[in-house]
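Got some structures for you, see below.
Presented sequentially are two complexes of chain A, the first with chain B as partner and the second with chain C.
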Partner chain A sequence: MMRTTKPARAAQYVALAAYLVFLAFPFLWLISTAFKPARELGSLHPTWIPKDPTLDNFRQAFDEQPLLRAAGNSLIAALSAALIAVVIATPMAYVMARHRNRVAKAATGWVVISQAFPFVLIIIPLFLILKNLHLINSLLGLIMVYVVWSLPFALWMLVGYVRAVPTELEEAAAVDGASKVRTFVSVVAPLLAPGIVATAMFAFITAWNEFFFALVLLKTPEKQTLPVILNRFIGTEGVADLGPLAAAAFLATIPSLVIFAIIQKRITGGMLAGAVKA
Partner chain B sequence: MTLATATKRSARGKPGRGVADHGAWFLVLPALIPILVLSVGPLLYGIALAFTDSQSGRTEPTQWVGALNFQDLLHDTLFWDSFRIGLLWAFGVTVPQFFLALGLALLLNQPLRMRWLARALAIIPWAMPEVVVGIMWRLVYHPDAGVLNETLSDLGLGDGKDWLTGTATALFAVIVVGVWAGMPQTTVALLAGLQNTPRELHEAAAMDGAGAWRRFTTVTWPAIKPIALAITALNFIWNFNSFALVYVLTQGGPGGRTRLPMLFAYEEAFRYGQFGYAAAMGCVMVAVISVILSVYLVGRLKGGDEA
Partner chain C sequence: MASRRAPRLGAAVAALTLLLAGCSGDSGDDDGKITLQFQSLAWQKESVDANKALVEEWNATHPDVRVEYIQGSWDSVHDQLLTSFEGGEAPDIIHDASDDLADFAYGGYLADIGDLLPERLKADIPQRSWETATFDGKIYGVPFLQEPRVLIANSKWLKKSGVRVPTPGKPWSWPEFRKITKELGDGTDGKYGVAWPLKEPVSATLNLSLSTGGKMFHRGADGKVDVRFDAPDQVMPRTVHDQVNVDKSASGSTLGMGGSDTLPGFFGGKYAMVPLGFSYRQQIVQQAPKGFEWQVLPAPAGEEGLAQGVSPQTLSVSEDSAHKKEAAEFIDFFLQPKNMVKLARGDWMLPTGEEALQDPALRTEKNGWSAGTALSEDLRPAPAQSVRGYPEWKDKVATPALQEYYSGAIDLDELEKRLVKDGNLVLARYQR
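Moving on, here comes the complex of A and B:
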């Protein structure tokens, strides 16, 4: 263990405290605003802790916008996209991790390049294609876009997990005469299960949080997802009922926070596997 | 970090079993088809659209117009304003984000008492929908009901600024939010790098009498440099292409002061229906990013030898 002098240690604690304040205060303010009654929000000297905490904002938020329906739409879109993405990405990630043929190289190249593209270059043609298929203002169209959009990161995480699986088992299966597909399904995939779950959860969160594609593709409030509905709260003039807005925003965050808390370690592991070991 | 993955992969030896194995195709096709149909295809289609007069809801057929859109773009001062704002924003977010994240990662790598709390808090901005981050900071910046002005006036530091709607403060205000929102990913990536650094190296350096700064430059930095460079490059690109955060915070206002290129292209395409023109903007953005990135990568390869 390295020795750290006392003043140095004290400075570290001061710095850490500053970070804690910077990271926490907007979130604490959001929660505080969500529980404040209207008259406190109108006061010129806002306080950190609501004097008269209330749940009215939450009730009002549900009255003002179709939040439940939007949450349902988000759930359908994010869940379907996450499931489809991992089901199709896992076999491909296996090939990318274990082979060095042209397909694997092209796929790796695509994963890299796709990170750099401004979505506007993709969304205009996609909009035209989906329009011709009558899939504008449809969750199905959005799910298709989300699947492809979450593939690069899913592939990247999964390739890391595949590399962590020792090759001896597959070699043994090959000696026994198992085909590539058979080996993958019965030997590799089960070992990858925890990584696949983590990847699916990450894909779920990114789709749950996504705004741009949903804004462009979904037109009517009945079809819109939570982020788009939240943005509707603000209104065109930027004037909003602060209380219900804060309440709805707070609620929309809870699912991602819970899932993220569960998989955070695995994501870090996946990033490491992808970036360092490669 | 995908960059790191890609560049190092090719350098590694292990020969593959080749294309001869047809089983591999079965495994690749389920993902390959959607990628080709919904990503590579639209991308090429998008580039093609940039050379047409495509508009939404028009009855006459779309025609090729050659480089006309690009010629128009060249003279579109509003677009170049937004381009300049996009670069300012991308630098303004990426650079402080990196140094703040490095500081936090170094602290979290120390045996400090409250670090579990900092780790937990550092997740929040990452897990939040960007729309919620935007809404949250609107509440913080709110001229009357916001915590920022109240705190500033309590501290006697002036009162009542309209941070997001003031022409002088808007870009700065959104940059602060961008830094806050993106810091966690960078911190986690750097922390992962730090934790992979062998402790013995530090101890050996300490034994040789190296101070904290010397230990950082000789042991820590070389170990995390690849991750640091990759994450910074990606952050720059992601920030330059970002949309949701600023859209929710200011919608590009006041008077276009925070109108990032993506916001400009979005308006052009989906408010005014100018698909061809907006696609041309996308192409210009890609071209500039590619140039920046290749300059950066060349620098990185050169820098790699001396390190």
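Moving on, here comes the complex of A and C:
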């Protein structure tokens, strides 16, 4: 292995720090804005730390919009979609990764192509199908859409993880007399845990942030999700009620941050474990 | 204003609905009582409160016709409505802007409500406003709130400079406006006479050009529209171009900004004036530093006086609604003069109704209300109001061309070539 010189290491740290600042900037600015009173938002010389911090933006955001209920709806939709997506995608990914026949190739191709479909192309048929199923203005209908929407990419991600699991382990299990299902459940699935978690995260974030389907499919405020509610802080010609919008958007990022914080170690640990095995 | 994906979505809709036609069903009433869905785009707190209060008032006095308030948003209304129309799930009463109605009206999604509206309402709103929501002689919406573009000025700066302050009775001409902005600041000390927020330059250019007789869109005897860029169309763009690139009296850096983005510089004393929509006053009241003095001035005038184009907010009825008559009755109630005043104050805009415009609350000098109200008679339908293909012309041709011209990257000849030659190619596709 090449030895890293001190200047090179210092440069790496500087680059890393710069990257982190770049990534963190919008979020830190969002927090700063959320606590600024209206007059500071219009200042020519904006400051990172509000001179006169206030909770008024949060109060106003909660007063004007049903944020908690919307957050609850988002949480139900996103968690359900993530759970269902990985439950469906995991065995499918195993089959596609281990059985490389024409069907699997065609399925992979379809998965790739389906990612190119714009929302607007599928929303009308989806709307009509859900209407006939009486699932318009229903979180269940929205969850179904999110599962279908995130499934191709979830599948694609998991196929990669399955391929990284050495087949020798499955062969050893077969020699020990384990059935295919037993092998999958007891040998492959535990090794896939980091991949499953990462995929679930992807599905969760996709659903948590999704706006257009939720806008079109959910009509009453009792059912609407956070992105739809956040959109109400924006008016004509893109004019925004900036303070309350920042406050609400800041709150909307918290669940994602909490979930990331909880599972981060697991993902990292799993990835490292996989790397050693490979 | 609403985002526009009509061509893309329209194509998808056409293909897919052929496959799925007949899948939708009708919903009926229960208990003989009627429920109307009203999708409102009100977004500022005062405006939402006013909308909800009026709905509650209606429900309290009309037990057999209940109105259900549904919150929509300006940012996504076009796509959301188009999907709802196609799915047969559109609200009965629809809040939108008149420049978004043409596609829906021609697409058969909106009801002609001309015969359903009472004479009171028809007479209260002037013909020039009705024209914004009338297509092929049929009325597809009731225009009720409108927003002129005004100059928001730093009062102390104007007073100190000694320039003539314009009034609706004696506005600045475009040449005078250019001369005065040069006097107010040429950027040498970081101060400018004006800041043009022209991130979306097309509607501002078209609407303000009406004052000099600019129309840009000309409809022939065969009903087809072509783009021209004649001398009257050029006055406003040339003024802005010269302020930015010749006089340096307008800041070049604000050309890519939205209206809100210019406010910190305005409050900070960088710009003496900012041309903004009338409703921006609310942000100014909220955000201006204590002691900051500002006033509303009319936009410059040309041969046609203070005329400028607007696209009023509208209330329409869905063609699929089973209760068009009741929906029109709700609209009539919603737009009673006293209610129009409440809605106008909530949105910091002007009502279209003549009676509402006389209300003392909209004639007060406080926060520039009276200066704006004085402009109401000069507001005309935006030139592109009923031009099919306008959204594509705007996005693909006019926006980049005007942005380049205003920044000095291209000259007037090149601007004309693009707006007219390229523009007519776009419009031709919609008029075959």
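Brief remarks on what is shown
Everything below uses one rule, namely that the second predicted complex is superposed on the first by the 204 of 278 C-alpha atoms of A that agree within 3 Å, B and C clash if a C-alpha of one lies under 4 Å from a C-alpha of the other, contacts with A are read in each partner's own complex, and residues count from 1 in each chain.
Going forward, contacts are C-beta pairs under 8 Å (C-beta built on N, C-alpha and C of every residue); 3 or more make two chains touch, one makes a residue touch a chain.
In this text the structure is predicted, and so the values were computed from the model without any measurement.
In the superposition on chain A, contact of A:V147 is made with chain B only, not with chain C. Of the two partner chains placed around the shared chain by superposition, neither chain B nor chain C is touched by A:A247. Touch criterion met: A:V216 reaches chain B and chain C at once. Once the two complexes are laid over each other on the shared chain, residue contacts for A:V86 go to neither chain B nor chain C.
Set against each other, chain B and chain C touch different numbers of residues in chain A, with B touching more.
After overlaying the two complexes on the shared chain, residue contacts for A:A261 are found with chain B alone; chain C is out of touch.
When the shared chain is aligned, chain C comes close enough to touch A:R39, but chain B does not.
Applying the stated contact rule after C-alpha superposition, one finds that A:V162 touches neither chain B nor chain C. When the two structures are aligned on the shared chain, A:A61 is found in touch with neither chain B nor chain C. After overlaying the two complexes on the shared chain, residue contacts for A:I205 are found with chain B alone; chain C is out of touch. Comparing which residues of chain A touch chain B with which touch chain C, the overlap comprises 41-46, 118, 120-121, 123-125, 128-129, 211-212, 216, 231, 233-234, 238, 242.
By the touch rule above, chain C contacts chain A in their complex via residues 1, 5, 8-9, 12-13, 16-17, 19-20, 23-25, 37, 43-45, 48, 70-71, 73-76, 79-80, 83-84, 86-89, 97, 147, 200, 258-260, 263-265, 267-268, 270, 277, 279-280, 283, 286-290. Only residues 2, 4, 8, 12-13, 15-17, 19-20, 22-27, 29-30, 33, 41-46, 48, 87-89, 91-92, 94-95, 98-105, 107-112, 114-126, 128-129, 144-145, 147-148, 151-152, 155-156, 159, 179-181, 184, 205, 208-209, 211-212, 216, 226-227, 230-231, 233-234, 238, 242, 245-246, 249-250, 252-253, 256-257, 259-261, 264, 267-268, 271-272, 274-276, 278 of chain A touch chain B when the two sit together in their complex. Residues 38-39, 41-46, 60, 63-64, 118, 120-121, 123-125, 127-129, 131-132, 136, 211-212, 215-216, 219-221, 228, 231-242 of chain A are the ones that touch chain C when the two sit in their complex. Those residues of chain B lying in contact with chain A across their complex are 1-6, 8-10, 12, 14-19, 21-28, 30-32, 34-35, 38-43, 45-47, 49, 54, 100, 103-104, 107, 110, 112-115, 117-118, 120-133, 135-140, 142, 144-147, 150, 165, 180, 183, 188-189, 191-193, 196, 202-203, 206, 212, 226-227, 230, 234, 237-238, 240-241, 243-244, 247-248, 251, 261-262, 265-266, 269-270, 275, 278-279, 281-283, 285-286, 289-290, 293.
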